Each structure stands twice: as C-alpha cells, then as structure tokens.
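Both complexes shown next keep subunit A, but they swap its partner, so subunit B is in the first and subunit C is in the second.
Up next is the complex of A and B:
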C-alpha cells in the first residue's frame, strides 16, 4: 500500500502547524467563529450538537494496522474510546476538544493520516471499491489513480472555495461497489479495445435533497489524461456552478440546468484549451511511482481450494454461514477477502471501540499482511486472508464481537449518526437501525430474505444514502414528531437507481412494522429465492406495496 | 486600500477609476471590464498612460483576450471569501492565456488564502483595512504543494520527486 515519503510527511506536518496557529488565533479571540469556520472545516472539524466532531480521511479506504492502532490511541486519549466509520470510508471522532485537535492531527500525521478536506466546499476524500486491488473481477487496481487524485486535490489552490462540496469515486470492476453514479464525479476504469486503460467519466450525481444519477460526460478518456480532464470539469463547475443557494450549488444542478450537452461542450473546450503536456508527463511519472508502492504483498503460491477449509465448512454450520455471508472471492488462488461486520445486533452501525480496533490491527498483522479496508457500507475488510486461515480468523473475530455473519443482508444497515449527534438531523436514526436489527436478528430468516441494503438518513442531506438503499428510510420532523419516510426501488450498484417514496411517513414505533410488512410481501410473492428484493420491486412496482403495508401497520 | 506585493507593503501607483470618472491624463489607471468593452472602449485603449482592468467576481476573463497585450494590471475582485471564482480567473490568465503582467487580488480576501492566491498566479494584494493587522502571510504559508503550479514560491513535490525542479517563477 501507499507509504508516505519525506515530502508527504513534510506537507502534512506543515498543514498541522498551520492549523495549530489557526486554533491558537481562534482561542485567543483573534479569529471569530465565522472566520475560523472555513479553516476548521477544511481540516475535518465540525461543530455538532454536543461537541466538535473530527473526521479523519482514510484515502480510498485502505488502512494499515499501524494506522488503526493510532486511531485507537486517539479514541482513548482524546475521545471516548470509540470511533465511527462513515459511508465515505472515513472515521469520525465525536467528542474531541478544540484545543486538543492540533495534537490529534499531529499524532495522526505520524502515521500518514490527516483530516484535510474531509469537510468544506472542496474536493473531499477520494473513495473507491473497498476490495480494490484484490477483487477477482477488477481490470486494474484503481488506488494508484485515487492516490494521484488525493495528491492533486490536496490544498488545491484553485478548487478550495468551490460552490459546494465535491466528491469523487472510482470503480475498476464491472460490478460497481463504490456507488460512482451517486458522486459529483464518478470514474469507471476499464480496458479499451486496444487493451489500454481508460476511464468512463461521469458527472452530476449526488444524493441530498435533489438526488440525481451521474451522467456520462466522456465515454473514453485515456487513463493518463485523467487529471487535466477532471481539472476541466472542476474549472467549469467552479466558474459556472450556482452560488446563490446552498441547495442548488452542487454540480448536479449545473449539469441539470444547462443540460448534459452544453456541460460536455464546456468541459471539452476547457480541456482542449488548457491541456499542458508537461503536466500530463509529470502526472504519468508520479503515477508510475505510486503504482510501485501498490505492488501486491508477497502472496504464497497456493492451490485454489483448501481441503481443511472445505472440511470445516462441511462440519461447522456456523462457520459455513459466516463464509457464505462474509467471504468474497480474491483474485489470488487460495486467498479470500474477509468482511468484518460493524453491524452487530444492538450495536451502532459503523461504531468500533478502541479495543476492537487494536484486536483488528493484530488480526490484520497475523492474517492480512497488516492491511485493512473500510467499506462505504460502514464495515471493514481484511483483504488478503489465506483460505486455510479463515477459520482461525473467524474464531478470533467472534471472540472480539466482530464475527456477525450479516454482510449484505437485512441487518447490514447503513445509517448516519442522526439526531443523537448531528446538528443538521431532523430525526434519530441509530435507534431505528437498532430496532430493525433486533427485529430481523434471526440469522436463518436474514439469509432467507437474501441480499438487501437498508439505508437510513436522519435528514434530507442523505448521509445515510437512503435514496440508493433497496429500502431507504428518511427521518423527518412533522409537527414536532419524528416521521420516517420509506423509499423502495433504490439500487447502490452499477444500475444505480433512486428509490421511490412508498407513501406517507411512519412514526418511530410503526416504521419497523412497515419494513417487516414490505419484506413479508416480498417473501410471499417472489419467484423463488433467486429473485432478489431489488429485482422483485423492479418487477412488481412500488405501488403494489402500498396496500399491503399501510393497512396492517395502521390497523395496529 | 493598503497594498501588499512581493513580501511588503507598497504604495499603489495605480488610480482605480469609477465608471463615471474621466480618464484624464493620469499615468496609470484601471477601468472596469464594462467600461473597456463599452462604447468608450477605443478611447480607453488609446489613453496614453498604462492601462489596467478591474474584473468583478462574475466577469468572464476570456473577454479580455483581445486586449491582453495592452494591459499592465488586472485586478480580480473577490466578492466574499467563500467565492472561489477568482482563483480560476487567475489560473486561466496565467496558464491558458500566458499573461505575465501584474495580477492583483482585491475584495474579501484573507491571509490564510495567501498560498492559494500566490499559487494561482496573483502577485499583489489589496488588503481590506480591518485585515491589515493580521496580514502575516509567512505564518500561514505551506511551503510545499504536490502539483506543478510552481508559482508563488511554493515548491512542487512532483517536480522535486522526478527531478524536474525549476526555479519557481517570481
């Protein structure tokens, strides 16, 4: 994985020193909160309901055991012993004190982590497939491009005061596990007819109060031209994106208002006029350097199947269940990707204690070349586990309360912090997620329901990405009461779709019953278990659910 | 307005004309883009002294292209600190249009933007009166950047890594 050299280190340390001075000026009263705000935001520091919140970037979701141990130390020393993984592969600490933040950032800088641009109207952390570099179906590792984008966008002189925040995601597989169509820019890496790496460039996706699916701006962009093209998109957006209204300032509104053709023409013209061959050449050299750092770990040469592993699968039903839900195919024979669920029944989705972080770091060292991944569904993964080790790993995960076999199932709920933490929230989301998890805790029933993504947001800003959940839940406030709106038909994958509203919202006490009614209707009506919930909704339509959901729930 | 350029406070040799102020025979004047593009344009261009233009935040810099060789100063006004359009204006002038005259930032700029402004190619700064006391750019500058915009005394890490380090442009 990527390792900082002395320049990366100097850069991040200079940034910490700069922020330390800004915090000092704020505490001394030289900066007003209004003046301080853009500085703290661009270093990942929010002001929440009860306290500051620090969001630390985990670039493209790749994390070393050393970094995870440092995150555990931060949680213990400066926070309350836990952290929260987000839908953009980052981690948040909910209780830091302002005067401690420079020290926290310095401690993070020592292990190559930072909070740069995890907030504010700038280019945010670049996200990608959590299984990048190891997925059996990918065309190339997208992370070198992500790292190039990270460096390019860090303290970008031109694009640090954009109309609104700007999110870029990269996918390198036919199966999109990074929700690139829900991003301001989505990049799909593929091999063209000549066998060369190229990008399909999409723009104008986003969720929030006006959800939109990104549209293709360029079908075929030679991979080495990535930066100038992305720069052209950003320049068009920076100049012509709306700044008159916060809710209309994302690039999706610009693309929508001027139309895809006009937008594309503006980008292509900007790209053609500003292209600098020297920039392209230097970026290509830097990409080569980065690619070397992403060289695969020293895998053993192993047969594709492991007899011991297979015997245990046959003999131990609990292990077999874990393997069915939490194992993913690895591109190297004899290895697997092991997902670690952060969604135990009764827990808070995405939360991990410092003890668990340290245990996971140890397990990563022992079983996965010291490497972990964060996923955009708020889970973790160990990306390089020998098949023969999966059983030992599973036992140790179980011991740490991290062995929940529910990846991709009904209780693997994506959920924002909601009104329990967030100043923007209009409703609680964590208690609803917990109630749902309790209702569907039974593991056989979860597997019977099959692949399902429930995603919940506590306000219209949609951090829980409810629009693209197979079942989306949006918490609103109606006349002083929390009201939960259900959407169906959303998809987070390569066929990204925005869910449609089922009907009037449910109260906190009704919403779990409503979800159960939705799922009962699906189980009764599906064409066998091979018809997934998403396919079923597509076939029968959202309307058919109305009757079966509202009558029984309201009758109770 | 106090003017900061090349690391120190300097006198502003330019006179910035309001749209209804006559050109007169002042040696160095700036006018608005509207005035330059309007009916008075030819007279403005024929003015015997040095000529500069003040761009409002929303002005399109491309419309200056036919006049660039006549201009000694371009002032880019930032409407507020969160409005970053002026950064793109500067970048286009410096890189795409290869304009080398004095480029000045004005309006609601603050000292913590100094590195960004310099890297985009600004070389002088009209600092709002209330921000003069806190204008210490050296305290907030970050001496390194990844990208190749080696302007503003900020070294490019990519150039350093790949032995393409040139003298940063003044």
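Up next is the complex of A and C:
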C-alpha cells in the first residue's frame, strides 16, 4: 500500500499548522467569514444545515486499518460516533466544532489523511475502481497513476482557482466500476496492440444541473504521457472555461459549447506546445517509484478452488447467498474480494459507526493484509481475503451488522445526505432510501429482481448520481412540499447513460409505490431473468412505463 | 401578517441558533418574533452586529407561525434545521421545536 513519504508528511503538517492559525484568527475576529471561507473549504470544512461538516479524502479509495481506526477515534472524540462514506470514496463527519478542527486535522495527518482539496474550485480527490490492483479483469493497477495525479494536482498553483470544481476518475478494466464517463476527466487504461499501457482520455462528463456523458478526446495516449496531456486539458479549461456563470462553469459546458473537435484541437495544440521530454521522463521515474510502493501484499500460493469454502457454499444457503452477492473474483488464485455493504435495511446508506469502523479495521488486519477500499457506491471492500477465510469473515461481519447480502441489488441504494444534513438540498433523500429498502427487504425478491442500481439525490446538484441510476430519484421542492422525480434508463457502467424523466414528480408517500410499480412491470415483462432491468428499459422504452406507473399509484 | 424569527449558525461550533431576548440560543421556543417590517430590520441589525462580534455566521430571517406562544417555521427545510436530522431521532434537539411541528415521513 502507498505510504506518504517525508515530503508528503511535512506538506500535510504544514497545512494543518496554517489552518490552525487561520482558525485562531477567525475566532479572534481577525478574519471575516468571507476571508475565511476559501481557507476552510480548501481544507474540506463546510458549513452545513446543522453544523460544520468535515470531508476527509480517501485517495483512490484505498484505506489502511490504521487509518480507519483513526477515523473511528475522530468520530468518537470530536464528532458523534459515526461517519458517512460518499459517492467520491471520501468520508464525512457531520458535527465537528470549528475550534476542534485543527486538532482533528492533526490527528488525521499522523496517519496520512487530510481534507485538502475535498472542496473548492480545484482538482478533487482522484477516484478509481474500488477493486483496483486486485480485480481479475483489469489490465494493470490504476492507482500509481492516481497517486501521480494526486501529487501533481495537490496545491498546483496553476489549478487551484479553476472556473469550478474538477473531478477525475480512472478505470483499468473493460467493466467500468468508477463511472469515469460521469467525470470532468475520465481515464481508461488499456493495453494497446503493441502490448503497451495506454489511456483513452475522456472529458466533459458530469452530472448536476446539466448532465453530460464524457466524450473521447484522445483514443490512444501512451500511459507515460498522462500528466502533460491532463495538464493540457486543464490549461484549456482554465483559459476558456466560463467564470461568468456558476451553472455554466464546468468543463462539460465548455466542451459542449465549443464542440468536441474544437476542444480537442485546443488541447492537442497546448499539449504539443508545452510537451517537454524531460518532464515526461521525470514523471515516468516518479511513476516507477510509486509503483514500487503499490507492490502487492505477500499472497500465499493457493489453488484456485478451496474445498472447505465450496462445501460451506453447498451446505449453508445464507452463506451461499452472501457469496453470490458480496464476493468478487480476485486476480490471485485462492483469494476473493469481499464487499461489505453499508446498506442494511433500516440503515442510512454509507453510514458506519465508530464501533463498526474498529471492527472492520480488526477484520482487515486479520483477513486482508490490513487494507480496505471505499467504493463510489458508498460501501467498503476487503480486497485480499483467502477463499478459505471468507466464511469466518462473513460470520464476524454478521455479528457486527455488516453482513447484508445485497451488493448491486435493489436495496444497495446510492443516496446523498439530502435535506437531513445538506444546506443545498431541496428534499430529503435518506427517508426515501430507507422506505425503499424496507419495501424490498425480502432477500429472495431482491435476487429475483437482479442487478439494479437505484441512485437518489436530494437536489439538482446530483451528489447521489441519480442521472446514472437504473432508477434515479431526484428530490425537489414543489409548492412547499417535497416532490420526487423518477428517471429510468440511466446506466453507471461502461455504457454510461443519462436516465430520462418518467413524468411528473411523486409525493413522498407515493414514490415507493411508484418504484414498486416500475419493478412489477419489469418482472412481468422481462424475457426471463437474464434480461436485466437496464436491458429491459432499453428494449421497451421509458414511455411504456408511464401508463403502468401513474394510474395505479395515483389511484391509491 | 407574516411573522419572522432570526436564525444563524454559531461561529465556534456551527450549531443552529436563534436570537432570543437573552442572546443566541439553540432552542427557538423563546426566539424574538418580529411582526412588522421595522422589527424585522431591527432583528437583522442585531444579526449583523453578532456577525461583527464573531458570534454567528450567515444570519437570516425565517418565517414562522406562533401557537401557544411558541414559534414554528412554516417551511419544512427550516423545521428540519431547527429540530435536527429526521433520520436520527437520537441526534434530534429535544429542546428545539414541539414534537408536532417536526417533519415526519
């Protein structure tokens, strides 16, 4: 696992000391809120509906047990005993006191964590496939490239005041588990015909008020030239991106307004103009150094199949169910990736208590070389579990209330904090997610429905990524009441698609019935279980759903 | 006639507070209610003063109705803000607004 070197440590500690002084000056009245706000935001500190909120970056979703224990300490000592994992693989604390935040940041810095660039108009946390480095289907570990981007983008003087926030995601598998096409820059790592690593570079994706799918700017970029090319894109955006209108300031609007060809030409021109072979060489050397730090853990040589594991699968239906939903193939024989659902029925999607954090840290030490991953679907994963240990791990997860077998199913709902916490929200999202989870709690029914991603946001900013949910739910205000708009046909995968609005919004008391009507129609009309919900919507069209949903729901 | 109270976040800890005759308090039960435009402007002036003294940030007026002497925000956003997350009753502010004014689903 990558560890901060002395340069990183000194840099983070210096930032903590700076922020401590800024907080002191703010509390003493030497800084106004207008002067202080950019400083607190650049350290991940928001002022939310009920209190301050601190967002802590989990770079590319890789977390050590030591770091998770420290997050549990923060939750207990300075917050209210829990944290919330976000759709960008970060964690948020909802109740820190401003006067405590310097101490919190110092405690986090001791384990290589911080909130730098988790807010503000800068390059945010680089996200990637939660199974990076262990997925059976990936071409190479994308995290060294993520780390290279993290180092390059941290407090980059040229890119600290962009027109708007900027999000980069990297994937290295044919199956996109990082939603790269929904990002400002999406990077797909692959091997070219010569067997060399290369990137497909996409730009101009994003959700929010104006959802757009990223477009391919460069189909083939030699991997070692990643930094100068990304830098060229940022330069073009920084120069031409709109600063006159907040809603039109993301790169997606620039790409849309000037057109892909003109955008690409501007990027290529800047790339050719500024490409310096010495810089490329330096970055390549740094990449080699970083790659060494991502060396795999000391795996045992094991057979691909484990007889004890297979016997238990055959004898214990509850364990077999967990294995069907929460296990992913590992690139090393005899190992598995184990997903840990943070979506228990009745729970808050992405929330985890400090006790659960400590238990998970212990389980990571015992079963997964002390390593965990955060997923962009607000779950966790233990990336290196021996097949023979999966049963023991499952029993302990069950004990901790963390064994819910629902990954990728109807109750694995992605959900922003909504109006229960967020100052920008126009409606609550968590109570709807909970009500949906209760309605579809029955496990056999969940498996019968099959792969399904419900994603929900409490406002148009779309932190819950509702646009790319197979079923998207957007909470809005309508005539002084909460109203919920459903979209269908979205996809979060390598065939990313923006969902289409089903029709007028539903009240809070109707929306769960409406989703049930949608799913009933699917179950009755699909061409067998092999036709997934996403494929069914593609085949029959969104319009078909209207008559089967509105009349029965409104008649109730 | 519209009625308003003044709310803000306390600078030191970010908590939601309301302006009462005894200063900024976490409960809105005793918040000063402005019934006229002049009273509203007076509340806003007090808010600006508190901002200058680094007590609170972002003060603003909230429209309320008053029943049995207790103000309750008209808009669901402000009711949630006054009482805490509706999904965590354990974190709700018991001394906030009356139970029947809370937002339920």
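Here is the rule we go by: the second predicted complex is superposed on the first by the 556 of 556 C-alpha atoms of A that agree within 3 Å, B and C clash if a C-alpha of one lies under 4 Å from a C-alpha of the other, contacts with A are read in each partner's own complex, and residues count from 1 in each chain.
Definition applied: a contact is a pair of C-beta atoms (placed from the backbone, for glycine too) under 8 Å apart; a residue touches a chain by one contact, two chains touch by 3 or more.
Source: prediction; values computed, not measured.
Look at A:344: by the touch rule set out above, it reaches neither subunit B nor subunit C. Looking at the shared chain after the overlay, A:151 reaches subunit B, while subunit C stays out of its contact range. Shared-chain residue A:52: touches subunit C; no touch with subunit B. Judged by the touch definition given at the top, the superposed model places A:297 against neither subunit B nor subunit C. Once chain A of one complex is fitted onto chain A of the other, the partner contacts of A:333 are absent, as it touches neither subunit B nor subunit C.
Touch criterion met: A:282 reaches subunit B, while subunit C stays clear of it.
Between subunit B and subunit C, it is B that contacts the larger number of residues in subunit A.
Of the two partner chains, subunit C is the only one touched by A:99; subunit B is not. Interface of subunit C with subunit A (complex): residues 9, 11-16, 51, 53-54, 57-58, 75-77, 80-81, 84-88, 91, 103, 105.
Interface of subunit A with subunit B (complex): residues 5, 7-8, 10-11, 14-15, 18, 21-22, 25, 30, 35, 38-39, 121, 151-152, 154-162, 235, 238-239, 243, 273-274, 276, 278-279, 282-283, 285-286, 289. Those residues of subunit B that touch subunit A in the complex are listed here as 81-85, 87-88, 91-92, 95-96, 110, 112-113, 115-117, 119-120, 134, 139-140, 142-149, 157-162, 164.
Touching subunit C in their complex are the following residues of subunit A: 26-29, 33, 47-52, 80, 96-99, 348, 419-421, 426, 428, 430-432, 434-435, 480-482, 508-509.
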